[in-house]
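Letters A, B, C and D mark the chains as written, and numbering starts fresh at 1 in each.
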């Protein structure tokens, strides 16, 4: 019974969502929006689990004091300050929460993201080598598109930017499209297996 | 001064002293394929509605429930337009529509429609091609699953990234290092994440058999719960329930880059021997994969995000491309039922190729109707 | 005053994260832990004010939309995982989420990723205009434009062939699959090359902040 | 170990340092390279140019401060273009953090062209739900967005008069750094409601949108800071994107050079081993 009911729920929810696509009539037309709201609400409740886990892991570190344990204090303090400030003053513009977001959260987030400029350089230096015919194609198309994207390309040969665009618009698009079509079939098949209960590991069925 | 809800004083220059010519052929019909509550009103442009001058600036649409009743202004359409959708109707009620051309001062005499009422439909007639496609592909997949159930041996080609899973787990074990499994940053509403949790189950079982510890940092609480459940089950079925440690499957933060910062730190300190990236990734893909590479771990990635595939390809040892991610659980489990569904997918692709090639030939010969037939609504 | 403190905090934390490139160090560790804790709280607060309050608390308790009892109950069931004895009920909301989104994604992807993409590929392989162009004005670009349509058809078809799982990639079929792989490689190279620019933009953004807002050098 | 092997296994921190210098030096000492406009950006520009004065453009902001260097200049350029052409802008967003950024770009442009909030532009704010919000707005705008971003009822605003659903919108622009974003606008607004949609996206996601562009599902596309700089060029306005383009070119050139350099030594090394 403990295993049957979730499978029944999965089946019904899945079939209803497939049907709603073909039935404009109410209540089907509203279901997608309704289920989405429900999902979001469940996610917020689930956050209790995630945050509980985060606290458990770090309070344990405070008790056991392994190397670098005091960073756990930084983590918990960061959480506490942001959470308290947010719950007291709310998240609107001009609140302390907003101030911390723009001056603490955002700079770290943006710099983390900007690390990619370095990683793109190191990854391409290492991986773009003409080792095999396939790797050579990867290399050549990357170089052509890259050169086409900067004024430099225009100086070398005025057709380079156009060739870069052409690669993007045709061979690249064809490759992307093939991947997309494959993905669609993979998703249809996985979804179908889930809805029919053939794939149930996520429910720890077997 | 407000005339029909429009601020007249905003227009100082009166374009003409005569009202414009009326629009013609006002037609109202129920908006098809909706949940009711909408009527489409169309008309033919007023003869004065031309690009060169401003004799007509807009059309005013009025509605009444009786032909001789009071007509109420319900909306406007810019010049040059011949359509208005009234989304405020009550199903089953009869309405008459009246359209006037206007230069914002003077209105043309009205043109009126027949009576019409809106209704909701039970089937979306524009989606027949989708219905056929859905039924056909689902049927094919189920057909081959059934065939596989009957014990028909199915060939599945080797997929390098999946063959390497065993090796990666084995190598981490030899080095006495943990395995790290990153299930992407999307929530459980994304099929890639669900597929990732399923693959995690297979990897966890191997890790349990090899007695290697498995770290799973998560970006979403529900994913963490599902991952804990799955890993626990895998350890139980491998007969190693004592080795399961829920704290190894941990939540960090819902924040994309906060998560990337945390996982990067974990990689440098825990020094995993093998790292798996399976699921939905955005920009953090390369931040994680380059850091992982610098630790010297074997890296296997799989995602159906076309934009992130190039980065995994360059920074990881093996990458599952798009559909291969979804094939992974079937492939790793070697269960005939799941392998059957792969065969079904292949048949789906065969049909798509047939439509592609046949369609291109037909279109090249001038038979373009096929494009309309494939419309998905 | 608060603004200056803000800029200094932002600048120093930016440098802490940047120091990661050299090696793992106490500055990075500090920033990392602060970031994880702070951002977890950020999303928790955010979710309360933007999801839970407007979509559950207000409509359910304020306007009496009783249907919302369902997600409330499902949400509570999810949290029941904390109690091992009744933890199994958390599978119900999970089953609901996984089921409904499986159904939804099945349809959506079939529509936009498969059928619509196939439809968009159906163009005449011989574009008479572009061939005329090629003969009146022979050149690299006119040639490339003339072959564009067949390239797309061949690329999509062979690319899909690569993904066949149940047939061995050898012989003529293997040849097609190989061409498919070439297209995938060209696509990956092109996407990578196209992206480099964006990543540099981000770094420019950060450096601009440090040099302009913090150090006032530009 | 000879020099070839050394270069093969070059410490990546040297690369990191070179990249850093390639960005900082041109920022301090600008050069001023020329910018060439690509076709998708040209198409985008023309899609706006083609609208008659008074048309309503919906600009939805699906980005956040992290992706600001790329997308914000687009938002600024677009707002400027719309007001220059006397178009009206309805702002909204499917990412909460995009709202203040969209608002800032509109305010800035409004000041320049003397436009008024509520008459020439409005910001409907953020609504959670992504794809669902698009469908809901397509059917009924006032129901989906009863209030503007600051919580004022939209009936107060002249610009919202006569706007019931997407039928009253002439062009939709989504500026997005991920999902929900352009992809979903194309799926719903274009796919199901037949609206014209144009997109501004981060450079990394741009390739994934070429199929949509090619299939006619997108009117135009701006990709990354380069796309924004091109748009600024078309507008004949120098914005933040144009300013960063020097550093962009130099750093980009450096990476190309590194790849070619690595391959040269790789091939030399291979020959020597033979």
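In this section, contacts are C-beta pairs under 8 Å (C-beta built on N, C-alpha and C of every residue); 3 or more make two chains touch, one makes a residue touch a chain.
Bear in mind that the values here come from a model prediction, so they are computed numbers and not experimental data.
Colleague: More C-beta pairs touching across which pair, A-B or C-D?
Modeller: More C-beta contacts join the chains of A-B.
Colleague: Select the chain at the greatest separation from chain A, using centres from the mean of Cα atoms.
Modeller: D
Colleague: Averaging over Cα atoms per chain, report the distance between chain B and chain C in Å.
Modeller: Distance between chain centres: 12 Å.
Colleague: Taking each chain's centre as the mean position of its Cα atoms, how many Å separate chain C from chain D?
Modeller: So the centroids are 15 Å from each other.
Colleague: How many angstrom lie between the CA centroids of chain B and chain D, rounded to a whole number?
Modeller: Centre separation, chain B to chain D: 21 Å.
Colleague: Note the residues in chain D that touch 2 or more other chains, in rising order.
Modeller: Residues 12, 16, 19-20, 23, 66-68, 128, 191, 204, 207-208, 211, 214, 226, 248, 251-252, 255.
Colleague: Give me the residue numbers in chain A that touch at least two other chains, ranges are fine.
Modeller: 18, 21, 32, 37, 39-40, 42-43, 46-51, 54, 68, 102, 105-106, 108-110, 112-113, 115-120, 122, 124, 126, 128, 138-139, 142-143, 146, 149-150, 168-169, 172-173, 176-177, 179-183, 185, 187-188, 190-192, 194, 202-203
Colleague: Two or more other chains in contact with one residue: find those residues in chain B.
Modeller: 130, 134, 137, 189, 191, 194, 222, 225-226, 229, 252-258, 261, 269, 283, 306-307, 309, 311, 313-314, 321-324, 327, 342, 345, 349, 352, 376, in rising order.
Colleague: Which of the residues in chain B end up touching chain A in this complex?
Modeller: 33-36, 120-124, 127, 130-131, 134, 137-138, 141-142, 145, 187, 189, 191, 194-195, 197-198, 201, 218, 220-222, 224-226, 229-230, 232-233, 237, 247, 250-258, 260-261, 269, 283, 286-287, 289-290, 293, 304, 306, 309, 311, 313-315, 321-327, 329, 337-338, 341-342, 344-345, 348-349, 352
Colleague: Quick one: which bits of chain C touch chain D in the complex? Just the residue numbers, please.
Modeller: Touch list, chain C to chain D: 21-22, 46, 50-51, 54-55, 108, 111-112, 116-117, 119-120, 187, 190-191, 194-205, 207-208, 211, 217-218.
Colleague: Give the list of chain A residues in touch with chain C in this complex.
Modeller: Chain A residues touching chain C: 2, 5-7, 9-18, 21, 32, 34-35, 37-52, 54, 68, 71-72, 74-83, 86-87, 90-91, 97, 99-120, 124, 133-135, 137-146, 149-150, 159, 162-164, 166-185, 187-188, 190-192, 194-195, 202-203.
Colleague: Residue numbers of chain D touching chain B in their complex, please.
Modeller: 12, 52, 54-55, 66, 139-140, 158, 161-162, 164-165, 167-168, 170, 178, 191-192, 204-205, 207-208
Colleague: Chain D touches which residues of chain B in the complex?
Modeller: So the residues of chain B in touch with chain D come to 5-7, 38, 75-80, 83-88, 256-257, 282-283, 294, 306-307, 376-377.
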